[in-house]
Every structure is written in structure tokens, then in C-alpha cells.
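Going by the order they are written in, the chains are A, B, C and D; count residues from 1 in each one.
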Amino acid sequence: MTTEAEAHVHHPNYVKIWAILVALLLVSVLGSMSHVREVVLIAAFGIAIVKAYLVARNFMHVNVEKRWVPYLLIVCLLFIGILFAGVAPDIMNHVGQHWINPVVNQPAVSGAATKNE
Amino acid sequence: MLERYLTAASTYAHSIDHLFILIAAIVGFWLIAAETIMFTLVFKFRAKNGRPTQYITGEEKHLKRWITIPHAMVLVCDVVIIIGAISVWYNIKQNMPVADETVRVIGQQWAWSFQQAGPDGVMDTPDDIRSVGELHVKINTTYHFELMSRDVVHSFAVPAFRLKQDALPGRTITGWFRPNRLGTYDIQCTQMCGLGHALMAGRIVVETPQDHAAWLMRNSNPAAAGLQALPASPPDGTLTLAEARR
Amino acid sequence: MSTQVEHAEPSFFHKYMWSTDHKMIAKQYLFTGMVMAMIGGFLAYVFRMQQGFPNQYVPGFGLVTPGKYNAVVTMHGTIMIFWVAMPVLIAAFGNFLIPLMIGCDDMAFPRINRLSYQIFLLSAIVLLLSFLVKGGAFGGAWTAYPPLSSTGAYNLTPAGAVLWLLAVALEFVAFLLGGINFTVTVMNSRAPGMKMYDIPILVWMIVLASVLFMVSVGPLIAGAVLLLFDQTMSTGFYDPTRGGDPLLWQHLFWFFGHPEVYVVLLPAMGIVAEVVAVFARKKVFGYKTVLYTTWAVGFLSMVVWAHHQFVAGIDPRMANIFSITTLMISIPITEMVFLYIATLYGGSITLDTPMLWALGFIAEFLIGGVTGIFLGSSGTDIYLHDTYFLVAHFHYTFVPIAIISVFAGITFWYPKMFGRMLNETLGKIHFWGTVIPFNVIFIPLFITGTAGDQRRIYSYAQFAEQSRPALQHLRTTSTIALLVMLAFQFVFLFNFFWSLRNGKTAGDNPWRSTTLEWTVPSPPPHGNFAVLPTVYRGPYEYGLPGRADDFAPQNVPD
Amino acid sequence: MSSSAKPIANTRSATGIPSARLITWWVIASEIVIFGGLLASYVMHRIGHPEWAEAASHTNTWAGAFNTLVLLTSSLCAVMAHKAADAHQGPRAAKLLRLTALGGLLFLTIKGFEWAKDIHEGFVISSGGFWSYYYTLAGLHGLHVLAGMVIMLVVASDAAKNEELQRVECIGLYWHFVDIVWIFLFPLLYIAR
């Protein structure tokens, strides 16, 4: 089996990728110091996605793996997306059609912050 | 069809019953058709009839028809049922007619309690009428109910009204009903709510405006209301446990 | 029932408790499932007695108090789904048949396989222990909605609730390990020449069921952790007064709970496909179409979950979406059933016991399927939700799945498992003695349901409309039918154990079937195949024109 | 019977992916939905409760950032180990794997100090929505780190003898996945205000 394992990847310069990841990490931390909410969020999650992609591609070799492996992982994420879409209207909002969640402090704010399916 | 088993006492009870009959007709047809075909095939193609088995892959056009055509018909039936289901649902759960009266329904282990405006017609005033286990309503009057729960998930169900809505702690859910038949009907809790689930019964009394006014007068005495007022906090297990054990 | 023929007999412990042999693990799952089924059946007997003869002393149990009634109902549901349907349909048949049907010597990861059973056994023990703890077993229904399940002061069975949750979580882990192992085995370890469309439908179904389970159960495992912390560490994930939301659990539960229905349905459909093909001597009608419909069902079943929550306080606008998806799923599933019926066309049908069970499955499951439409369409669900109509509906799906199809499978593969035939006469008696009472149990419950009987009620004394004598007669009828049905199960047990010694020896291929498991001795030796087979054709080549006999095994070259 | 001898089933590879790596991918897929469900629940609660930001501001961004660095570095070691294993340098692979496990240990130690500080300041798992999710998410992730370390040391001891080298890559894959989960936990728990 080891022979097949060899066959399936050629090893890039991992240290270089690691350096990029660390650089991105620094950027996201510095970005979080900003007081503009958008900047913070982009610095946080935009970069997180990039980092995840780099790790998956270069360390996990998803790109040279059999096609259906990335598809499998994407499908799992898709179902989580469906779960979110189906559940968020009830959990993320505190007011909906003919119901309200008065216990929560600011229903208006959080309710408006999201849209309904 | 449903009315043979249980009286229908609200305006939308019949729309549910009719949808039930529509679905029963459609699926009944398919059920009988499928069962008949299956048993016919079983008896027609018994080994003892001496016929050798045929080699059929199921790719043959002239045979595939027998799957694809019913398939399309099922799709049509589904669309019909969906339209019926959603229209009924929309009228009962989404579209709110203007309220003549409002009543607050509170579920707790293990009783339904109700609060409605007293003679002054305003909610949350001293003469409000609070009752436990029994709700008095006027016939041909559109009621909005504000449903809430003190402890666990309950479900406010009035079978005669074809009405059912879970009561969730932390939420106020609004619904409506319009009784159109005099009488006393059951209120159930249809969501498992603990030891006394089976004891969580109530009555809903649909009465004429005159009787209702008289009932209001009898019960609007604040002192009496005070007596019947409920504990603000969830009841401690022991008391209700004893109640459940009787 | 030795499975290692030419091996030195290992110690009892190593042979029966510590084996990595897929056939032994299959039997472990089968017998554990059968024991749990007896417990579940006894619980059914207890609460049906209370329903049929309220507040009477129940022989073998005693008086049924409200607390005991809730616990019994809850445990019946949990056991029958998680400790009977799952282990028997997926684990037992999967373990026994997958390596044999795809022509290899064992699972790809035998020790993971063993671990999966051991975790499963542990989960069963934990669940049964919960009957003994202070306060008794959990009584908050198998759906365990918080805050009832999360707060001891509400459910009054704090210890039982925690143990129930632990048991269910362990069971999930066991089936994750088992399912992943099945999937990898089928993907990688197939016999040379066995292409994607040469795999028997049952194997396809078990693998797709495992995958479906795997993708749907994750969120519930997470949800179970949250619920466990709510129970034991006074967190507030589901406590509305502290920012939590009880609806979250309901969503996470049903996001798994609905696919779960299909997780157990698919293997059942697979068993029926195998049996019908053999006894009709017919190729399955539209093999590929069956698979396409299965995939469609699998995907759709992931997007219908909230139809269990129409009146549970979800936003009413969402109900419309889920009502549509729910009715859409009827299209592939009906097509699948049509294909099975079409398979009978042009066949040469013999009605041996396995075939009776298989046909019984189709006939009864049709009823379960069509009654589902009433509940799937939001409008009627307002009235029928949580009534006995719903109970009758899902028993018309689950009994065919977990009982009828399982009997089809056991009677069909018993010769392969134990090397001897079951007794046909006893088998037919058992079949009619099970299927007829089954209908007499649940048809009355459809009526009491439409009359407004709500579920999980130990006595209707408080409800004027429900305590009408007419309804009580129906409940009593249903209870008596259950007693009859349970009584007839002893015929099966006797047949099962008597035939182990006294059945006539089966031979390799008693049913003249084409799939690979019938090319090895019965019972198969350790390592299954003396010479590992090569596959030359699809699984259901019956009545091929221009052959001497009417079936062409997969491993025989032209 | 003997569980040491590998069945032929294990050595076949119809997909072209060795069974060991295949099962690792399936395990990762099932982990995705577990963490996915938990994260989805957290995100929708968090968006629904802006007031949780106050609690979130008590977390120590620098500790979280340093832990991210630790995990990234350990991931580097893991993938280097995979490279060594492909070159049949078992002992070197073992050394790198042990280094990776050490990274995991460092990660958990830092987490321990963080939690000690939080608890000392009175923020326990039951002190509010954010903290409940904070401890649950980080705790579940920590468990995965711990499990990864244990398996990694076992694999390393085999690899040192040039045995089962294909496992080096599999445990690596798992470790990278745990790393990715943290890459998302870090902004979710430490940065988002």
C-alpha cells in the first residue's frame, strides 16, 4: 500500500506553505484589533477560509486525491448548510410569523439582523 | 368522514375534514390499484401454472411505460394534495382573521390555565378572569389565543375544533379559532409533558353570548380571581406529583 | 453453530465474545437484537394491556402507574428503533452478507467491526440498567424533547434521563464505526470483475443506509452533548430563560430522526429485492432505476425533517417548504415499490416462507406509505399529529421494516447461517399468525386516532370524548390482537432453535440463487471462500435464454 | 481468528485508494457533520444574541493565536512525517510524529492555563450561553487533539520499526482536519466580537 501512497502525491515545499499560513494568522490577529466590525469579520473568517483551503490542498493533498473525496466533503458541508437554512429561522430569530420570544432582550435587533427563508 | 368519529365545532374543522377526504380518495385509489395488481401478478405467474420464467431487464420501452406513466400520475396527485394542504394550512396557521376576543392560554405541569378580559373588555386589568382547566367562549366569535408554557413543551389541542399547537417555554405563539357549535369539548395536551401528561385535561365551553355574559359576571370578582390565580413560578414537583398519584 | 470449521477450537470467550469474524459478529448482533426485541415486545404487551384493560393488574408486570407507563412507552420506542431495527437490519445482515455477497474473506477492518459490536453491547447494557436506577427509566418519550428531558425537576427521572442519553450516544458511535467499515469494505474489497452495477441491491441499500446515517447523525451527536451538559452541568443550551432554545433539539433530533426512517427502510427494501428475485425467478425490474430511486430517496430524506414539527412551534412559513419536500419523497418511493411489483410480472413464482414475508412486506408497507401522506400534508397534520393515527401509520411502516422484512431475511438466509433449513409448515403458521393479527392491532388504532385519541396517555378517564365505550372496544380489540401476535412468535422461536439441530441439511444453494454467498458451503467456513471468486455478470440473471438451468451464478463464466 | 493477520479484504483497493486512507476520509467526513452541527448551532445562537459579544471579549486573543501557531506548526511536522514515510525513512517519520504529538501537548497545556484563568475569574461552563459553547466547542476539539496524540504515538512506535508506514499519512490527515477545525474555532471564539 505504501507504494500506492508514494505514487499519489509529490511533496511541495511544506515550510513555505507553513510560512504563508503563519503570515495569514498574523494578519487576522492584527485585523481583529480594528474597530470596524466588517474589517474584523473579514480578517477573521475570510482568512480562516483561505487557511483551511491551504491546509486541505497542500497538507491533506485533497487536490490530487480521487475526485469524489472532495465531493464527499463538500456534500457533508452542503447538508450542514441545509440544516442551518432550515433551523435558523426558528433559532436565530426571536420573532416570526405569529410568534415572539419575549425572554430575549433585544428581539428587534437580532430579529432584523437576519432574513427568513 | 372525520365527523362520524368526532363532532366538528369550529369554522375550519370542515376544511381539514374535506382535505382528509380528498387525500383518502387519492391514496385509496393508489393503494387498491397497487395491491390488486400485485396479487393478480402473484396468482397469474405461479410456478405451478407451468409457465417458464421470462427474461425481462426492465429496460424494454413497452414495459417501462407501466412504470413511467403511473410515476407521472403520482406526481400530478402530489401537486393536487400539496395545493390542498398548503391552502388549508395557510388559512388556519398563517392567515389571522381580526380578533373579537383574545384569551391567554398557559400550559404548565399538569394543567391548562386561561386568562381573559373581564367585563371591562381589557386584558391585564384586576377584573381579568383567570380559570384553570375550563375555558368559556362565545359561539360565532373569533378568538385569538396567546399560547405560552411555564415549564416544558405542552401541546394545546382541541380535537372538536381540529386545533393543535405546541406551547413552547419562552415563546408566545398566537393562533385563532372561531367556535360555531354550542357544547362542552375536550382540551388535550398532546405532547409528552411528564408524569401527569394524562391528567392534563381541560374543557372548553362554547356558550351563547347571554350565558357567557352571565358567566363573566359570576367570575369577575377580583377576590375570586385572586384565589384562582396561579403560582408565578413552575410548581414544585411534590405537590403536582401527589396530585398525579390520586 | 461453529463458524471456524478447519480451525482449532478457540476458547469460548474468544469464539463468541472476542471474534473478529464477520459471521460471528453478525450472529452477535442478531441475537442481541432478538433479545432486545423480546424486551421491546414485552413492553408493548404492558402498555397495550393498560390501554385495553385500564388500571387492571398486568400479569408479569403489576399495576401500570403513570410514571411506569411513560417509561414503558419511551423504552419501547427507543429499543425497537435503535436496538432492534438498526442492529438486525443493518449490522446483522450487513456483517453476515456484505463480505459473502461481494466475494471477499472478511470486512476490511475486522477489529473495528468487533469494537463496533462491543460498544453496541455496552450501550444496550447501559439502557437496560436505566430501569434499575433511582426514579426509574426515562419517561419523556423517545424524542426526549427538552426542557422535560434536560431538567430532573420536570421529568422526575434525572438518572434515567442521563443513562438513556448515554446509551443512545454510544449506540450512534457503534453504528458510525460499523457503517464506515461497511462502506469502505464495499468500495474497496469487491471481488475482481464486480463492477458498480454488479453489486446486489441489498449491499447497495445497506451501504447507502450507512452513509445516510453517517451524514445525518452528526448534528444529533453534537445535540446530545449539549443535552448531556444541560442535564449534568446546568448549562442552558435548551433553556429559553437563559438564551437557549428547546426547538434547537427538536431540529437536531429530526434532522437525524427522519433520515433514520430510511436508514432502516433501505436494508429492508434490499432484503425484499433479493427474496422476490429468487422466488419469482426474475431479474429485478429496472435494477438501475431501483438504485436511482434509492439515491433520490436518500437525498430527499435529508430535507424533510421538519414535517415532524409542523405544530411544534416552528415558523408556519417553513411548514410549507417541508410539506412540499415531504410529498415529493413519495415519488421515488412509490416508483421503487412499483418496480418491485413489476418484478413479479412474467416470473415463475413459488410461495415459500421467505417469499410470503417479502410479499407481505410490500402489501403492508403500501398501507404505511399512503397513510403517511395524511401526516406529511401540513393541513391534515394539524389534526392528526400526535394522535393514534400517527402511531398506526408509523407502525405500518416500522413493523414491515423491522419485523416482516427481518423474518423474510432470517427465513431466507437461515440455511446459509446455520447450514439447516427451517420448517416450512411452522414458518407458514408463523407468517399468517403474525401478519393477520398485525392488521387487527393497528387498523382499529387508525380509527381511534381519527376520533382524537392522543398518544402516550395511560388512561383516557380525564377526556370525555375519548372515554366513549366504542373507542374502548377498539383499544381492547387491538390489545387482544397483540396478545395473539406475540403468542405466535413462540412458534418462530421454537422453529429457529429446533431447526438448528433437527432441520434438514441445506446444501450450498438451497434456493438456486445467483449471488456469491450461495457458492460457499453452509455455514461458510472461516475465510468464506476456498478460492476467492471472480464475477462475470450482474446479480439477478434468472431465466437467461439458452441455458440449461434457469439461473446463472455471478461467478460462473459463460 | 487471529486479528493480527490482515484479511484479503483489507488489501484490496477497487477505488485505487488504500483502505486505510479511505476509512480516514470517511471518519473525517463524519467528523465534519458532528462539528458542523455544533458550529451551526453556535453560530445561529451567537447571531441571535449580540449581547454575548461582551462575554466573548473576555477571551484572550493572543493565547488563541499562539495556539493556532502551535497547531499549524505541528501540522507541518505531521506532513513532513508523511514525506519521510513515503521515502521509507521510518525512524525519521517516527521522530516527526512524536514532535507533532508534542505540539498537541503544548496546545493542551496552554488551553489548560487559559481555562484555569477563566474559571478563576468565575467564568464556568454554566455562566451563560457564550461560555457554555466556549467550553463545549473547545473541549470537544481538545478531546480530538488528545485522541490524535495517543494514536500518533502508537503509529510512531510502529513507524520507528518501518512497519505500517501507510498509517503515518492517515493520522496526518486526521491531524490536519483537527487543525482546520481550530482554524475556524479561533475566529469564532476569540476574534468575533
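Following the convention adopted for this analysis, a residue touches a chain if its C-beta (ideal position, glycine included) is under 8 Å from a C-beta of that chain, and two chains touch if they have at least 3 such contacts.
Worth saying up front: this structure is predicted, and the values here are computed from it rather than measured.
S.K.: Counting C-beta pairs in contact, does A-C beat B-C or the other way around?
M.R.: If we tally the contacting C-beta pairs, B-C comes out ahead.
S.K.: Could you state the distance in Å from the CA-based centre of chain A to that of chain C?
M.R.: The mean C-alpha positions of chain A and chain C differ by 36 Å.
S.K.: If you average the CA atoms of chain B and of chain D, how many Å lie between those two points?
M.R.: Centres of chain B and chain D (C-alpha means) sit 48 Å apart.
S.K.: For chain B and chain C, let me know how many angstrom lie between their CA-based centres, rounded off.
M.R.: 30
S.K.: Could you work out how far the Cα centre of chain A sits from that of chain B, in whole Å?
M.R.: The computed centroid separation for chain A versus chain B comes out at 41 Å.
S.K.: Please output the residue numbers of chain B that touch at least 2 other chains, ranges allowed.
M.R.: 93-94, 170-171, 173
S.K.: Residues touching two or more other chains, restricted to chain D: which are they?
M.R.: Residue numbers touching two or more other chains: 13, 15, 17, 26, 29, 32-33, 36-37, 40-41, 45, 49.
S.K.: Got the chain A residues that touch at least 2 other chains?
M.R.: Chain A, residues with two or more chain partners: 76, 79-80, 83, 87, 91, 93, 97-99, 101, 103-104.
S.K.: Every touching chain pair, please?
M.R.: A-B, A-C, A-D, B-C, C-D
S.K.: Hey, which residues of chain C end up touching chain B in the complex?
M.R.: Those residues of chain C that touch chain B are 65-67, 69-70, 139-141, 143, 145-148, 151, 153-156, 240-241, 245-247, 280-287, 289, 310-313, 316-317, 319-320, 323-324, 327-328, 330-331, 334-335, 337-339, 341-351, 359, 362-363, 366-367, 370-371, 373-374, 377-380, 382-383, 385-387, 447, 450-452, 454-460, 462-466, 542-545, 550.
S.K.: Mind listing the chain C positions that touch chain A in their complex?
M.R.: My answer: residues 215-216, 219, 240-241, 243, 245, 247-248, 251-252, 255, 302-303, 305-306, 313-318, 321-322.
S.K.: Touching residues of chain B toward chain C in the complex: what are they?
M.R.: For chain B paired with chain C, touching residues are 1-2, 5-6, 15-16, 19-20, 23-24, 26-28, 30-31, 34-35, 37-39, 41-42, 45-47, 51-59, 63-64, 66-67, 70-71, 74-75, 78, 81-82, 84-90, 92-94, 109, 151-153, 155, 157, 159-160, 162-171, 173, 184-186, 188-201, 203, 234, 236-237, 241, 244-245.
S.K.: Note which residues of chain C are touching chain D in the complex, please.
M.R.: Within the complex, chain C touches chain D at residues 4, 7, 10, 14, 19-21, 99, 104-112, 114, 176, 180-181, 183-185, 187-190, 214-223, 225-226, 229, 233-237, 242-245, 248, 252, 255, 526, 532.
S.K.: Under the touch definition given earlier, write down the residues of chain A that touch chain D in their complex.
M.R.: 1-2, 4-6, 9, 11, 14-15, 18, 21-22, 25, 28-29, 32, 37, 40-41, 43-45, 47-48, 51-52, 55-56, 58-60, 65-66, 69, 72-73, 76-77, 79-80, 83-84, 87-88, 91-94, 104-106, 109-110, 113-114
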